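Questions regarding the structure given below will be posed in turn.
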C-alpha cells in the first residue's frame, strides 16, 4: 500500500540531491574543457552530428534559428572591442567556447517538464526521453544555457536531410527524433551504456579511458576531458580536484581567496545553482606581449 | 381516506404568507402542515419564519468533498511520486512539498465543488419528477402553494386560500 | 439614477429576456459565419502546424514560447471577470451585479475553453498530450507533478469544470422559466432536461442558496490560484524577467483588469443588440467602469513595482531584459501596452465618460488590446534576450500561423458566446426579479418609515 | 442524515480504492500476456518445434519429424544473443551447414526453398516478429549473461521469459506483451530495492542504488564480493532502454 | 574495439547484402525505417561480424592531403562514423571536422553512379566497356603530346600506376594542380632549409611567430599541428608557449593567438626584416641588408606600431627556441617568394633551424612520393589548352573550372580540347564540361596507398581500404580504371593483376622487407598491414642544408593605393571548405565558420570602420568587383581584418556539385586576377584588387552568433586570465 510505503520510507523521499547526498556511486559522469587548448575548429560539433544523428536543417531553417547542433562553438570578442576607448582590432584574438548541455546536477529543466520526459539519472546525467516528450518546450524556456534543441520540423521526412544513402549513415544506437521532440547533448549515453555493459559482463567498473564521448574523441587538441568524477584515478576527477571545483557548490571556496587562486577552473552560471557537470578551464592570455 | 393535491396561486408573497399563516393556525384535520410546499419565482427568505426552519445540509457535503479531494490529491500525488521509479529531479526531493500542496489545494477545491453539487442534487431532490400540479405562472410572477391533504380537508383549505385572494385554485382530479 | 426600475413587471422581465432568445436576425448569422470563418483559419493553421511541425509558427530555439502562451494567458485572465462578478460581488452583496453576471460567467467559461485550446496548440506533439495527464497507465508512469505546467493544467481543469457547474447551477431556475414559457420543440426538451424538474419549491430554493454561496466561496480562492499558478509558470522559472516575486499578484490584477474590460465590451454589445436598456442600465455600467478603473490603477501600480524591483536589484540579466523591452525591438509593443493599460484607463476617471457608451466601447477594446500586449511582453522579450547572450535573437517574429491561431481564437470565442446568447438567457431572470423585489421592498420600507416620521 | 452517512462511506471507499490503486504501481493485467501477436507469414515456414522441441522420449534417435524435436539450444542458431544487444537471425550458411548433410529432408519443399536462396546467394527475407518501436533498446547480451551464465538457468527458460514457449511453435509468434509495464514488472520483482533500514521500498526506485553505494566501489577497483552486485544492477533510469 | 586481422576482401565477399539497411531508429510516428518488415540477415558472415556490434577498420582519410589515419566504425555492413587512428603519428587518434564529414562524401546522394557520355547538352548512360573502348579510340587518334592528364595531388601506388599509364600512352603532360597548395612555401623552404617540407616542431617552441600560416585551420597538416599546439600551450619547461600571428585577415590560428598583428597586405616580409633589424642578432651581410628596415620605416610601411615590433623582438630574444612560420597569406603576392624568404631568414637569425625546424623523413620509394600539386601547373595547362595543343584531356580530383582564377578563362579554353574525360565522384563544374564522365568509388570503398607530404615522425605509408561494400554497383576505383586503361596498351605486363587490389597487394608484398614485414609470410604481413592501416618506415631523412642568405632578397615597397580598386581581396580559406570540393557535404555547410559563425553562404568580411566609412551594415549585399569580374555576397562586419582589405571565403558559390553545394554563396575564384609569383610562377592569390559597392539589397545573415554579436554582456561565460595570474604548475 502506497500510504504505508510513504510513511515507512518518508526520509528517503525527502532526500535532497545532490546536497544531502553521499558522493555518487559508482558513477558520476563529468567533463572538463580547457579553453586554452580549444581552437574553435568545430571538429567536435561535426563529430556530434555524425554520432548522434543530428539533422542538417539547411540554410532557410538555420536562418530561423532551427539549427540542431548539440555542441556549438561560440566565438566571443573582447568586451572592449569596437567601443569607445577600446581597440579597433581583436589584438588578443577571439575566445572560443564549446557549449553543450551542462548535465546540471540540479537541472532547471528537469523540474518543469510536465511529462517527466527529462529526469536525473543515477550516474548524474540529465536524461532526455524522446518518446515521452510532449513538446511543451518548458525545459528549453527554463534552461539558462539554451542548449536544448527542439525538433521544429519532422527532419526524418524532410527533403535533403537524410535522403537515400545518406540515411545509411545514421547511428542505429541513437534514436532518430521526429517532430515535436526536445533533444540535447547526452554525453553520448549510448557509448556510456555500451561501456557499462562491457564492464558489467566482466564484473568490474568502467575504467577511465574505456569510454570517450564523440566530441572528446575528435578534438584535435584534446581540450575535452570526460570521465567518472568519483573515480579517483580518472583524469577528470584529478582535474576537478586540482582546480578545487566542487560539484554541489554555487560558489567555490577558492574564488573567495584574495588575490585569486591562480586556478583556472570555473563553471558557467554557477551562481544560478544548477550545479553544472562541465568545468571549463579559463583561457590564458600572455601578459608579455 | 385518499389524499389529494391542491395548488393555489397568489399574486404576491404577502397574500401567500397570510394564507399559510392561517392554514397553520387553523390546524385542519387531515392536513399535515409539513405537506405544504411553497413555489415561487424567486427565493423568499421570509418563508422560513412561516414554514419553520427546514435544514439545508449542502455545506456538509462541501466539507466532506474538499477533505476527500485534498486527501486524495496529496496521497495520490505523493504516492505516485514515490512509486514512479525514474522520476528523480536533481535538486529536489522525490516527494516535494510546495508542488504537492498546490495540487492538493486544487484537488481540494475540485472535490469540494463536485461533491457540493452532488449534495445539492441530493438535498434538493433533483432531478425530480414534476409534481402533479404545476402552473407555469409560478416561474413567472405568481406564488404557488401546494398542499397535500385528505379529501375531507380540501374544502376548508380552499376556503382559506380564497380568503386571501387566491387568483386560481387547481385541484387534482380525484382518483 | 437608479440601477434598475422597481416597477418592472416580472412577466415583463421574462418576456424581455426570452425575446433575446428568439430566432436570430440575419445579421446574427452573418457574424456567426465570419466568426466561424475566423475559427476555420485557426483550424487550417493547426492542421498545417500539426502536419509540418512547430517550426511553421516561426518559433525557434531561444523563442521556445510565443503568441500561443501569451494568448493563453490573455484568455485565462479574461475568465476572471465572471468569478469577480458572480462570486466576489455576490459575497459582498453588491446586487447591481445581478443583471450582468450571467454573461460574465459565460465569458469565463468560454474564455477558459479558448485558453485550453492554446495549451493544446502549443504542444509539439499534440497526439501525445495524454502523457501529461495523471492517470494510472500500463507503463506505470506519471506526469511530473513538480512542473508548474501540470499545476496549470490541473488548475484550469478545476476552474473550468467548477465554472461550468457554477454557471449551470445558477441557471437552473431560468432554465425552468424557459421550459415553462417556450413552445414545444427541441429547445423545450432541452430545457426540460436541463432544468432537472425545478419548480421553485421552498426546499429547492433553500438548498440552492446554500449551494450557490458555497461554490462562490470555493471559486474565489480557485480563481486567484489559477492565475497565480499561471504566474508560477513564469515566476518559478529562471528566465530573467520572469523570476519575479510579485508576479502572482500582478497576474491576478491583470486578469481582473482584462476581465472587467471584456465585460464592458460585452455589456455594451448585449445592451445594444438585445435592447436590454432596462436591465443593463447606465448606472450599472458606471459601477463596472469605476471598478475597472480601480483595478487598472492597481495593475499600473504592480507594473511599476515589478519594474522598480528589477531596477533596484543586482540582477543584471533581468535589468537587461527590462531595458530591452523599453528600447529594444519590442519597444513599440511595450509602450503600446503602457499606453493602453495605464494611460487610456485614466479616461475612466472622468464622470462624463463613465456613461458615455461609444467612448467606453472604444476604451474597453483598447484596454483589452493593452492587456493582450502585456501578456506578449511578459512572454516574448526574455526569450530574445535571456541569460545567454550567444543565443540572443532579435530577428525572430511570430509567423502567420501564430497570428492565424490568435485571430481564430477570437472567432472561436465569438462563436461560443453567440451560441450561448441564443440558447440560454444571458440575463438572469430570477435574479433580476429578486433585485426588483428587494428594491421595491426597500422602497416600501423607507416610504413607511418616512410616513412614520411625518 | 442517513443518506449523508452512507454517502461518506461510499466516498471514503472510493478514495481508498482509487488512491491505493493509482499510487501502488499500477500494473494492470496484461491483455497480451497469454494471447499471441499477429501470425507472421515467413518466406519459409521455419519449424521451431522441430528444431528446439523436446525429444520424443520413446524414440531418442528421433528419425520421424512428426514425433518430436531435437532440443537444439536457442543460442546454437541465435548465436549473437550472448554477444550483442541484437539477437540476430542466423546466417544462411548456418542453415546450410547442417542441412547439406541431412539427406533425409533434402527434398522437402521448405529445404528446397532454402537451397534456392543459398544458390542465389541471397539472404532469406525473414519478417520481424518481436518488433519493438525504434526508441526501445533491449539488450539480449545482458539478459543472457545474467540468466544463463550467472544463474545457470536453462536457455529455453531464459529466452522464454520474453519469447514464449518457442519450442511449441512452428513459425515464431509473439506471445508476450512486450509493453513497458510488462518489462518493468519483471524488473521490479527481480531487483527489489530496500531502503537504508532494510524495508522494501515498494516496487519503485531502482534509483536508490544511487544512495546505497556498493561497499568499496568508490575507487576504480572492486572487491571480489562486490562483483556480483555490480553485475546485478538493473536499469534505474529511462535512459537504460530509451536513448 | 575489434580490429580485424582477417582479409578484408574475403569479408566483403561473404557479406550477403540484404539490401535493407539495418533497423534505423525513429521516434514517434515518423521513422526512416518505419514500416520495414524484414530483419537484416546474412548469407554468410565472418565470426567478428555481429549484428549490433561495431567493427572498426583502419584506413586513411581522403578529405585532404594531410594523410590522417582513420578508424571507421562499421555496423551491419554500413560505415557509420570515422574516428582517428591512434597509431598514426600524424593525427594520433584525432580528426578534424572535415575528416568527420568523410562519410558524407561516401553516402552523398549526388554521386555519379554510371559512366556517362555527352550527347549534345545532355549526358547519357553507357557501359564501362563502351567507355573504355571510347577512350582507346580517342587515344589512338591522338599523339602522346596531344594528351594531357590533369590531377590533384596523387601519391602511393596510384601515382605509380598513373605514371605507367601515361608512359604507355606517351603522354608527358601530367599537370598536378592543387588550388591551395603551399607551393611557394615549398620553394622558399627548399632554398632556406634545403628541404621542401621540413618538420615544424611547434610543441618545442616557446614562441611561435606565424606570418599568415593557418596551421590550426587549413595549413599543411592541421590536425597534427593542433596537437602540437595543445602541447605548446601546456608549455615547454613549464613555460606556456606564446603565439603571435601576423596577417591581414584573421584566420582560426590568428583567433587563437596571444597577439594578433594586423599588417598591411603584402608587407609581411618587410615586417620580418624589421624584426631582424630590431633583434640585432644578425651579422654580416644580413645585418647590412636589414639595416634600412628601422622600426619607424617598417611601422609606416606595415601599419604595425613600433612598440609592437619592439615587443615581438624582445620576446623572441628572450624566449628561445622559437619558430617562425611563413604561411599562404604571406606568400600570395607577386613577391610572395621574397616575403617567404624574408620570413625564413628570421628562423636562421633566431637559430631555430635544427631546433624547431628539423629535417623530415621521406619514404624510400621515391616513385610513391606525392606528386605535389601547385597552381603553376594550371597556368601551363591553361596556356596549352588556349593554344589548342590538347586533343584529349583527362581530369581527376581537380575542379579547375571552379577553382581557376576568372582571369584565366579556363572554362573557355577547356572547350578547345576535343575529348575530355573526367573521373569524378560528383558532377562538379569540370565534370559537367567533360565528354565522358566515369564514376569513381568513394574513398571509403576504394583501395589505395597514400604518402603524406608532411611527415610527422619518421615516414609512413597510409593504407586506404574499403570500409564497406560498394554503395553503387557501377562505380569503380580509380586504381581499377587505370589498370584497365593501362591494360589497353600493356596487356602482357599487367595480365597477372585481376584488379587494382591484386596489383596493390603484389606491389606491397614485393617490398615486404623494406616495409618492415621481413620474415612474416605474405598473408600475415598483408593482414597485419591492413589491420594497422599504416606502414611505418624508417624513411630516409634528408639533412637541413640551407644557409641564411640575403642574396636576391628584394622586397618591393608597399604598393601604392589603387584609386579604382582601393581594396585588397583576401580569399579566405576556411578549415572545412578549403577549395570547395567538400561543399556538398552538408555537415560542413552547416558547421559555422569559426570566426564569423556564418553557415550555408558566402560573405564579405569588412572592417567595421571601413564599413562605417562606406555606409555598409551587416547583411547588405555587396558587389565585389575586380578587374576580372564581380561577385555578390552579404557583408559581415568583422574586426579581424585590415581596413584596407576585404575577404571572401573560398569554397562556396558552386553552380554544380549537387544539392548541398549548388547555389549557395559566391565563388571568389571567379574574380581573381591572373597575377603570378615572380619566382615560382604560382598564382598570387592575394594580389587581386577590388572595389565594393552596395546593391541596395539587404538580407539577414544566416549565422550562429546571436543578436549580441559575440559579446558576453558582462556575464562570465568565456573567461580568461593573464599569465601572471595563473599558476599552471598545479594542473593535471
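Going in written order, the chains are labelled A, B, C, D and E, and every chain counts its residues from 1.
We take it that contacts are C-beta pairs under 8 Å (C-beta built on N, C-alpha and C of every residue); 3 or more make two chains touch, one makes a residue touch a chain.
As the structure is a prediction and not an experimental result, all values here were calculated from the model.
The minimum number of touch steps linking subunit C to subunit D comes to 1. Distance from per-chain Cα centroids to the pooled protein Cα centroid is smallest for A. Counting C-beta pairs in contact, the pair that comes out ahead of the other among D-E and C-E is D-E.
Once the centre of each chain is set as its mean CA position, subunit A and subunit D turn out to be 34 Å apart. Mean C-alpha position of subunit B lies 61 Å from that of subunit D.
Centre-to-centre separation between subunit A and subunit E, using Cα means, comes to 32 Å.
Subunit B and subunit E have centres, each the mean of its CA atoms, that are 90 Å apart.
Listed for subunit B are residues 75-76, 78-89, 92, 94, each touching two or more other chains.
Multi-chain contact residues of subunit E (touching two or more other chains) are listed as 23-29, 31, 52, 700, 705, 711-712, 714-715, 717. In subunit D, 19, 22-25, 85, 134-135, 184, 201-202, 204-207, 210, 236-238 are the positions where the chain touches two or more neighbouring chains simultaneously. Taken together, the subunit E residues at the contact with subunit C in this complex read 28-29, 700, 705-708, 711-715, 717.
Partner subunit B is touched in their complex by these residues of subunit A: 2-3, 5-6, 9, 12-19, 104-107, 110-111, 116, 119-121, 126, 273-275.
Subunit C contributes residues 136-141 to its touches with subunit D in the complex.
Per the touch definition, subunit B reaches subunit C in the complex via residues 37-44, 47-48, 51, 54, 56, 58-59, 62, 66, 76-77, 80-81, 83-87, 89, 92, 96, 99-100, 102-103, 105-107, 109-110, 112-114, 116-117, 119-121, 123-131, 134, 136, 138-141, 144, 146.
Taken in their complex, subunit A has these residues touching subunit C: 61, 64-67, 72, 74, 76, 99, 108, 111-117, 132-138, 140-142, 144-146, 148-154, 179-182, 269, 272.
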